[in-house]
């Protein structure tokens, strides 16, 4: 019907979460502002649940945060504790019923739960629960989690969430709320980010630190892999099991997914990108007149490339700021229309120039092809494509929407073939080593989509 | 914000159900037409679920059938078996999430379930399930039923529904569908109606026979109290437990709730009403010039009254056919505005006349007061109010929305006091005996709202 | 896409108007209530304009009154004078831009104007205006009227409207408002109705008196053919030109269009219908067991038929009260579906009976055919169709939407042929003389659609 | 209710126009794409009118282009010639009725007309027309224009538009279409831009050349001040009157309004901005560590400042890309919330740094104050604000929405006072001479908002 205009050639995050605990303030406004800041992590649905003295109210629907909520809806969400969620989803599953948070009642009261990531053993857990007579109303893994918690909630919620974490395999950042507590948890590998902040009379949990800045909260620290935090009137309590934990943060959070003004696990996303650009310049130098970026995600790396190479950075492509989520497919034959609506070449800066075009990643290669063609038509003498990450070659099972392997250009073509396909005069991908070093840390990342080295066993059912 | 215009002074039904099994046709259209015919049983939400070769798709939302569905939505509901529901609800609970049918997945597959009525031990069943770790996402009793079925579905669905019926106390007409069967069931007392019809290549279950007429189906019979019917490619199979069953159909189905063109348990609703009118004329004769009715529900009884008394029936009140479900409250002081929007006096027929005004029931008495006043202002010399049922004195626990007892004018005032309150020149209620005899059967009805003789124990939690 | 369910086999009114002048009250609420009462005259769009101390604000849109307005919209319409309109329209023209009232600014200030009826020389007037450079933004005749008033408004608005009336040919009931006056006018033949009522501190004009009843206004009189009334702080001023005026009220207002609780030009619509039924019984007696009506418009005549014939009146068809304006076309072959959604036979009353079926009019004959068939299927032994008006044989040029002549069954078939077509056992139409006498007046009606005797010359362009 | 998030402290353009003439293609798609590219010129309403063999169809409504149109609506707009419009408006006037294009019928047929700019003698023209009996339905100057054309269209449309241009005073870019022609015109001073492009089998007119790029059209030239172009099957015909014309393009098109990838009157908007940044560096040098911009409009100048000064350019503020047009006002006291939702500081780049912050213009100064504060809180050692235009001191009468003079910080405060107010360590505005020289041309601009030297007499009524 229409086609997605934004970033159809990029890897997509699955969701963002936020939770706020306050002693005296209504938190819905803060969660709303925080979800705004996390909107880049999911534009398909949004939801907020708040705890009003033991009663959990919520509103969630498909759409952007600005579309799902208005003043009237926020005003109805009174309460001092709350959680929120923005959701990315494939078209088929984008039903209001699958929006998060999920709110359920059970013998110990009510809980609201929201998570991002991907539980690789969700189907198995679902089957076990079904054997015990559980019915499911959604295809959402949060429903599996809620059922496990309800079952294990014999003594206290802390134990129940602990047991849940023992059962879950995969990646997740989890926020959960019952009548008196806000709980956050991060998977044992810390694949998905989650950080803790301080507000005046309480605390905040969020997928990215930019949400803290927007609310005016102070960043405290990132939640550790395998850590659960319980926040209530007594403050923040941290719980670790003895179990095996090690950090394997998704490298694509740095490459593309997170906002550049976020810090994740102590690393500035912006600096990591800029350093990647620098490393790229070292690995793939070229004699050229100008460094430009594919806005906005390639800009940090382009600035790094420019700094290292000494070739001046400048604007080469102008992005239309009013492009909505979908665009009506024009009937014209011109295949470049979609990209042209989003991007226009700044002819003045590229005409007659040898251009270094920096992008953060290449997935299918279709957008790159169109951009190189636009630049050449605008008079660029040469176009040297530089990509600040290695080719994506393997599917992700931990919450990133990767195309089928045959559509991953990096999986089927050599660098030379890709260069020819996109029509560039040269092409350089940043090496895995360069990428790792750009973070300033030697290890602690999941790079499976680049090298196939998955940090945990993937259930066969998931590998189809 | 607005106020309900239609029948705010009447008892309200809680919901209507329909189910269709066909060997080869898409059934969504038929269910849609049937729900149209059942719309008087609930205007708050509507839903249809269909079984498309093992996959259950559904659409449900708040609103009238004509608002919830359009061509595009019906076309997506492909499948040869389906169930539908229209819902009445109090304002607070009118959330899309509480709309029926409820569709759940469990170990044996998927089921869709919808019911009307009221399960008086629902809270106890919910607690037992919660003790076993079940989580609930709605306040709908269908969710309790689905969980019980899922738990008991060890061998086949028939046994599971049988066990469900053993556990349920209260009133219900239930339709349920899994991958290969359509199932209907009626509570042991047959408080809520459910009938069976035949379509070309299959069968239909519906709350009232008028839905069969609309679809062009042939009426076969009513489902018996305590009966379960299983409909599949082998036809209709009927199952009775040995358990205690006796007929206690809600008398208000005949008095007000059902459509006059329906037949319930072998009794024509229209004829029952007309006979009640005749009986009313015998019990409370009066010398008058004209018999008029409160349209539309009082018309059948008014015709009976006229026949018996020999006083001519005529139209005295004109009903506005375009009144929506809600009407914006005008700021005027005139307290009769609400009624005037709905009803206008046909002055020509009442001016200077001694009028017998026939209504089917009186709950709060507020509307009667306004109508009598309007008639007097229009020049009626006398207004003799005749009510074709006894005063409502007790709350219903079986699916009818009765006001608190202090608002039941019949519970707190004598007939003389009510007569004075509404401003009529005389007032007569049909006796319980007259009402029963109007059905042509001597027994088999629940009359608890009239005499307080509940056909089963009411759990204390419900009696609040 | 969908098909109109209500009355697709009836003549349709083109619109209803209302105007309220009050010294101190906000009138939007009253106009809203009045439009509710006039909703049967047009369901396609609705609008209200109010004069707030010289500034005219308005809201209008496609949809029912209850859909177009809500509390927030009414609250914005502050002002002591206002006019309102409900519109019937053919599907193509149902654009919001064509909704009325039309509000324009010109050299003497602002006016709002709304009318119903049909100006037969509108195209000629439009051309003359265009020759003078006028531009038009709608296809609405109100825009022609507004331009004429603006041009002639040299001295005062009274003269300008007077000149307008001299120029207009055709039928109209007109309400108009400027900064300090409410004006009403009726065409020289009085083809469309318009009456005057009194509210506490002001006056009301409305197409039908039922709107006065709803508001609680007192009926004063009908506006005369060719009369203009000006209402302001000095009260009501009436102006007649010397010009030729005579009464030719549209007979279909009595037959079908108006609400039975309205009085038009001193004649009760209900009584006229009942008398027509009586006359019909005299002209076409039959030996039968029961008189039933096609609800709701045939009921008054059926009661008359029953009274005169001595055959008892009873309910034979039940109308679904929840049918919306459009209904999704079911995919079934069953051609009677549309009617079945609307109407169901009350089998108890017709089975084995010889039935007199009274309808108010027959246009295409399609609905009658379906109803007779339904009655026969339900067991009626005989069905004698009686129509309380003569066959419609000629198109209307004065504001009623008549089908092309080839679709008027009365124009192409004899009574015998129609009887055979609809499948009735006998058929009788009321004679023209019988119809006229039913009003209690011997003359003063436009009967052109029945006899082709148009009360004025019809411009050739209109006769296409 | 909500508050405008985007650019509330900037001057606003009033509207953008586009027109396409094709011999054989449907043009609605192209106009839609073009309006997308012009969306920055107006986000309040959008409209498209197309000529389908002499019949003009249109759709227009309040909202963004992506909200007003969908596939179904575009498909109904068949035709080879069309015009489109995006509108900026003050809140009060943002009614659908005021959306453009305006389509009118008159004696010579139909025309559609759309313009941007401001007609300073519109009220006088309106009065003259009113004296002649013209009625107006909108407050839109396009309605005045349409009436003048209709009056003067005695021979041909060309003469009529020519007379219109003789009557109009003020700024405008006009597109107009009748049955066989597309016409464009630009005011005598060329205050608003309009350019001409070539498509395969026809021509395009648009406010900015970026619309041509998006459609894939080839830029031909800008329309000259006082020029009218008629486009039909014979190609493009240009008409100049002998009358006084000189170029006075609005300087703010270069400073802020236009997209940087547009060329206006032969000058690249991007280059003008960058040169302004260079000039700013020369006029107001400072010893600092980093040059950052207020994204996105300040970026071109910041790059220029960095180039000239040798201080490295980098990203200092991250803009949220998902901010909608309005944002629900949070209840928090934190006054910086609004800006924080839009902008976040990139701490890594400013902490401990001496920062040059480049913005394109300062109107009220409120946003600058908040940004400087955010930078300081993030650890910036010094913040030196540099503005690539002089202070705005006078209101614009030619189509730019300027606040009342008392809100123009440049009108009431000295540079020192402004510096203190915003909390910067130093502040420098580009001089008028520097600004002019940045365009590469010595003259031809309207700078009235900067120096009060209006290029034409302003009617007293407008000066209020």
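When the chains are written out, they are named A, B, C and D in that same order, and each has its own residue count from 1.
Following the convention adopted for this analysis, a contact is a pair of C-beta atoms (placed from the backbone, for glycine too) under 8 Å apart; a residue touches a chain by one contact, two chains touch by 3 or more.
Just so it is clear, the structure is predicted and the values come from calculations on it, not from any experiment.
J.: Among the other chains, which touch subunit A and subunit C together?
T.: Shared contacts of subunit A and subunit C: B, D.
J.: Between chain pairs A-B and B-C, which one is joined by a greater number of C-beta pairs in contact?
T.: When the contacts at A-B and B-C are counted, B-C has more.
J.: Averaged over CA atoms, how far is the centre of subunit B from the centre of subunit D? Could you give it in whole Å?
T.: 61
J.: Provide the C-alpha centroid distance between subunit A and subunit B, rounded to the nearest whole angstrom.
T.: Each chain reduced to its C-alpha mean, subunit A and subunit B end up 50 Å apart.
J.: Calculate how many whole Å lie between the centre of subunit B and the centre of subunit C, each centre taken as the average of the chain's C-alpha atoms.
T.: Their C-alpha centroids are separated by 35 Å.
J.: Considering subunit D alone, which of its residues make contact with at least two other chains?
T.: none
J.: Which chains touch which?
T.: A-B, A-D, B-C, C-D
J.: Taking the complex as given, what residues does subunit C use to touch subunit D?
T.: Touch residues, subunit C against subunit D: 96, 102-107, 127, 130-137, 146-147, 150-151.
J.: Which positions of subunit A touch subunit D when the two form their complex?
T.: Checking each residue of subunit A against subunit D gives 1-2, 26, 29-30, 32-33, 36-37, 39-40, 43, 64-67, 69-71, 74, 210, 213-214, 216, 259-261, 268, 270-271, 296, 299-300, 303, 307, 312-315, 318, 320-324, 326-332, 334, 336-337, 340-341, 344-349.
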